[in-house]
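Look at the two complexes coming up: chain A is in both, with chain B in one and chain C in the other.
For the complex of A and B:
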């Protein structure tokens, strides 16, 4: 207890230096936490994936379509519980900067397969009854001030032209990781319009979503589906929803990797700053360490004091950094909600913050404590005066 | 309390040199003498004569190149660093020229410090420290930090810290070197009392002839060699 009191007093003896070091560590932990949250936000689709859902797409690329006729064939594969399908629509609202993640989906099967999109029953009914109907996440509705019954016009990118929809439902995400920025409308509406405008693009879909009866059937069902369409004009690749999402992320892996690297570099930099501070502190304490050794305090006590002091400073900085991460993430989510629809500071990020803080505290104390232990008492006492 | 004829410290053939670059500079050469139990000895000599080095070797703060230092029957030159640390904690009290108190601890906490290495309870540690501070006349300054005390008072706290574990030997390196005349007198009187009333063996390095007057034995060092003994 006495030594704890001593190391606490020592930690804040140089108030300005301690404050600057604590601030530096807090900012580094804040930056680290934010960068890790960005990485998590990148993987949010993966986290929201279900183990019983598969995605089938064209084996050449996601941008190549599949025939609608595959629907019935896939439905008959043993182990398949339900099949839905859809196409990526994209689109912008009012101006190019308002990108909308819109999908045309086979509504009846889709809503059953994705219970995490919680749509009130009356709104679901209204949506199902209206061919031009759409439903959106509450986040995107709030962003654009959309209300039930509003007519929304999207400008199509993949399917050019202005597309009109009537907002029939606003869903809430069941889990924290469920994106609430999505836009869904009837695939039939898209298909019928294409039949009139670009008939060669009609009756084609972007992907099938397959629900299997139990997770362990995912692999055999995927193999079975792909083998069914082998040597056809549109060969398929069937993978779990998670693998499908990871495939998307793989396209931007370099960015994710760069963010991860920067997050570690931030910690390494603050490690060097903290180590420098501890080295200065330990140099100032040479005389005191010599006195403690003279009085009979052995190396373990000296190491405890140096490490303890370093860990106290690091712990305070880490605590402040973690506290600041929450409001900072709130501001970040508010400003960059378009790009990161789910931006939550996860428990894992907090654990990583704590681990980074401990590593900074421990690393910063290694060299100063080694020097303090090696210090010859006579040399240390000579420094005083 | 009378001094006995039993040697408490036996120094035999002690030599020590420091390396300056690649050259060995001898500091102590073949020093041999005994210090009796309860003796108050002053080591004198010009700067660089090796007196502080000799004191450090007797107190187990440094290692000799050759020779032995036997304190209370224990050859401390053969002890490991860890054993030396615990030996110092229970056998030697230290008084330094610049007091060497821990600035973030109060007078009481500074005196409690060496007792942390004992088996005493917290209450017993505080009681011992309060008694030691009362003995040196600082019973009313226990909660003061070193920066709130005068030089003389700080040195008295250092003396309380040196005696609180009740060591047999007290080593003092220029204990009055940083004090004014009055404070130096107080400190010397205190050390004299500790020697006479408590029978502590005191080994003091000093330049100050007034301080040396308090000692029973004066030993002079010149260029690392004992030159003179006077009582």
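For the complex of A and C:
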């Protein structure tokens, strides 16, 4: 208890310096937490994926379609519980700036396969009954102020023209990681329109979603499906939803790597600042340390004093930083909603914050305590100021 | 004045550890600041170099990229008949009807697949892009399953090296040449014969029509005519604008990331400088008192401490820039969200970035040193001399 009191007194003896250091550490921890959260947000699609869902797409690349006729063939594969399909629609709302993540999906099977999109039963019914109907996540509905029954016109950039939809449902995400910025409508609506305008592009599917009976069946089913269409005009690649999402992230890996690296750099910067503070503090205390040594306190005790002081300062900074992370993340989520539909500070981030704070506190104390231990009493006492 | 300058300088030397730590912290901040600027600059350079101002890209209305676009053969012919198109020395129009699609190729080393743009090129495609030069092997022959690969693709992707084969569209394609396109986006592309590609991918439409204007100032008139032609539903863009639009999202992302990172980091570094300078002042109270007693003015003391802090910032800025300049050897390759295709760009250091970074580091030093220097200058001489 006495030791703790001494540490606290020591740490805040130099009020201005302590305040500055604490602020520095708090800012660094805040930045570190935010960067980590950005990385987490990157992987949110992976977290939201289920182990029993597979995605089948054209093997050349995602932009090539698959024929609708594969639907029945895939359904016959053993182990397949349900098959749904859809196409990436994209599109913008009012201006080019408002990009809408819209998919045309085979609604009946799709909703059953994605129970995490929680749509009230009456809204689901209304959506199913209206071919021009669509349903959206509550976040995007809030962003544009859409209400049930509104007519929404999207401008397609893959499927040209203005597309009219009637909003029939607003879903909530079951989990924290479920994106609530999505836009879904009937694939039939897209297909019927294409039949009239660009018949060449009708009856084609962007991707198949397949639900298998057990997670263990995912691998054999994927192999079976791909071998079925081998050497056909549209060869397929089937992978788990997770692998599919990871594939997308792998393509932007360089950016994720850069952000991760920067997050470590910020910790190193603050290490330098904290180490500097501790070095100065220890230099000023040389006389005191010599006195302590003279009184019979051993090296371990002095090391404990230096480390303890450093840890106290970094703990206060870390604590402040963590508290600030939450409102900052709120602001960030608001500003960067276009890029990151889900932006939550995870528990893991907080643990990493704490770990970073401890590491900063410890490293900052290493050099000064080494100096204090090596100090010869006579030298220390001789020194003035 | 010069005495005080040496005083500041020697002070930094004497307290090496503290100086190194503070300058090191600042160096890292300048490093991050410079690298973000270099990255944006590299991206901009890649895009500016990719397009040329005289060239026009015609894509389907509302399509954001060539990959999304589709231009029917009939429409392409109508575009071809416009009078503003320049003519080559051989009397043929400088115009290419091209097909651009994405294919998924595994990377060398990691085997992770990534999307690569593959361009069905026509006779004039090369002539339209003077920055694209064949450096190894030969050009693909029309009507054969031969392709040429950009240097970036050849290096990074499996099967894209000279003499290797890639399989897509139920055929094996041999790489017969490697082209270098400098810093441009074409370096991340594979080119082959457009008619063969249309066959292989079963796409009966072109993606884009690209041509050179005989007179660049005719663009607006041509654009208005093409876009209002009821037989066409296309957009015409200058090539430079087309490529700038494509990476708008990436550029914006880099900008926001860069600004917020720099803002936060510099706060940290300024605090570091402040701590150091306050300590420098409080350690030297009696020295300051002596200086004042010797007749140095308040202003001189103020200047001396500011100088010390500026020197700190300058050292940090220089070392940060020194390390950042090595980044020029690295290439970032990532997926462009707007096109889903691979985009490679390098860090690029310009004189503008150098002076921006140095100014930035000096400002950090200045802000950090301002308050401590003020305190030093306004010390009471008697009290200062008494403390020892």
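The working rule: the second predicted complex is superposed on the first by the 383 of 385 C-alpha atoms of A that agree within 3 Å, B and C clash if a C-alpha of one lies under 4 Å from a C-alpha of the other, contacts with A are read in each partner's own complex, and residues count from 1 in each chain.
We adopt the following convention: a contact is a pair of C-beta atoms (placed from the backbone, for glycine too) under 8 Å apart; a residue touches a chain by one contact, two chains touch by 3 or more.
Just so we're clear, the structure is a prediction, and the values are computed from it rather than from any experiment.
Which holds for A:153: it touches chain B only (first), chain C only (second), both, or neither?
neither
Between chain B (first) and chain C (second), which, if any, makes contact with A:64: first, second, both or neither?
Once the two structures are laid over each other on A, A:64 reaches chain C alone.
In the superposed arrangement, does A:197 touch chain B (first), chain C (second), both or neither?
neither
With the two structures laid over each other on chain A, which partner does A:227 touch: chain B (first), chain C (second), both, or neither?
Neither partner.
After superposition on the shared chain, which partner residues are touched by A:9: those of chain B (first), chain C (second), both, or neither?
After superposing on A, A:9 lies in contact with chain B but is clear of chain C.
Between chain B and chain C, point out the one touching more chain A residues.
Counting residues of chain A touched by each partner, the higher count goes to C.
Which residues form the common part of the chain A surface touched by chain B and by chain C?
Of chain A, residues 384-385 contact chain B in one complex and chain C in the other.
Can you name the residues of chain B that touch chain A in the complex?
53, 56, 59, 61-62, 81-82, 85-90, 94, 96-98, 100, 102-105, 109, 112-114, 116-117, 161, 178
Would you pull the chain A residues touching chain B in the complex into a rising list?
Listed in rising order, the residues are 2-3, 6, 9-10, 13, 287-288, 291-299, 376-378, 381, 384-385.
Spell out the part of chain C that touches chain A in their complex, as residue ranges.
Against chain A, the touching part of chain C is residues 17-18, 21-22, 24-25, 28-29, 31-32, 60-64, 67-68, 101-104, 112-115, 168-170, 201-202, 204, 233, 253, 256-257, 261, 264-265, 267-269, 271-272, 274-276, 278-279, 283, 332-335, 337, 340, 342, 388.
Could you please specify the touching residues of chain A with respect to chain C in the complex?
16-17, 20-21, 23-24, 27-28, 30-31, 59-64, 155-158, 160-161, 200, 231, 233, 237, 247-248, 250-255, 258-259, 262, 265-266, 268-270, 272-273, 275-277, 279-280, 335-336, 339, 367, 384-385
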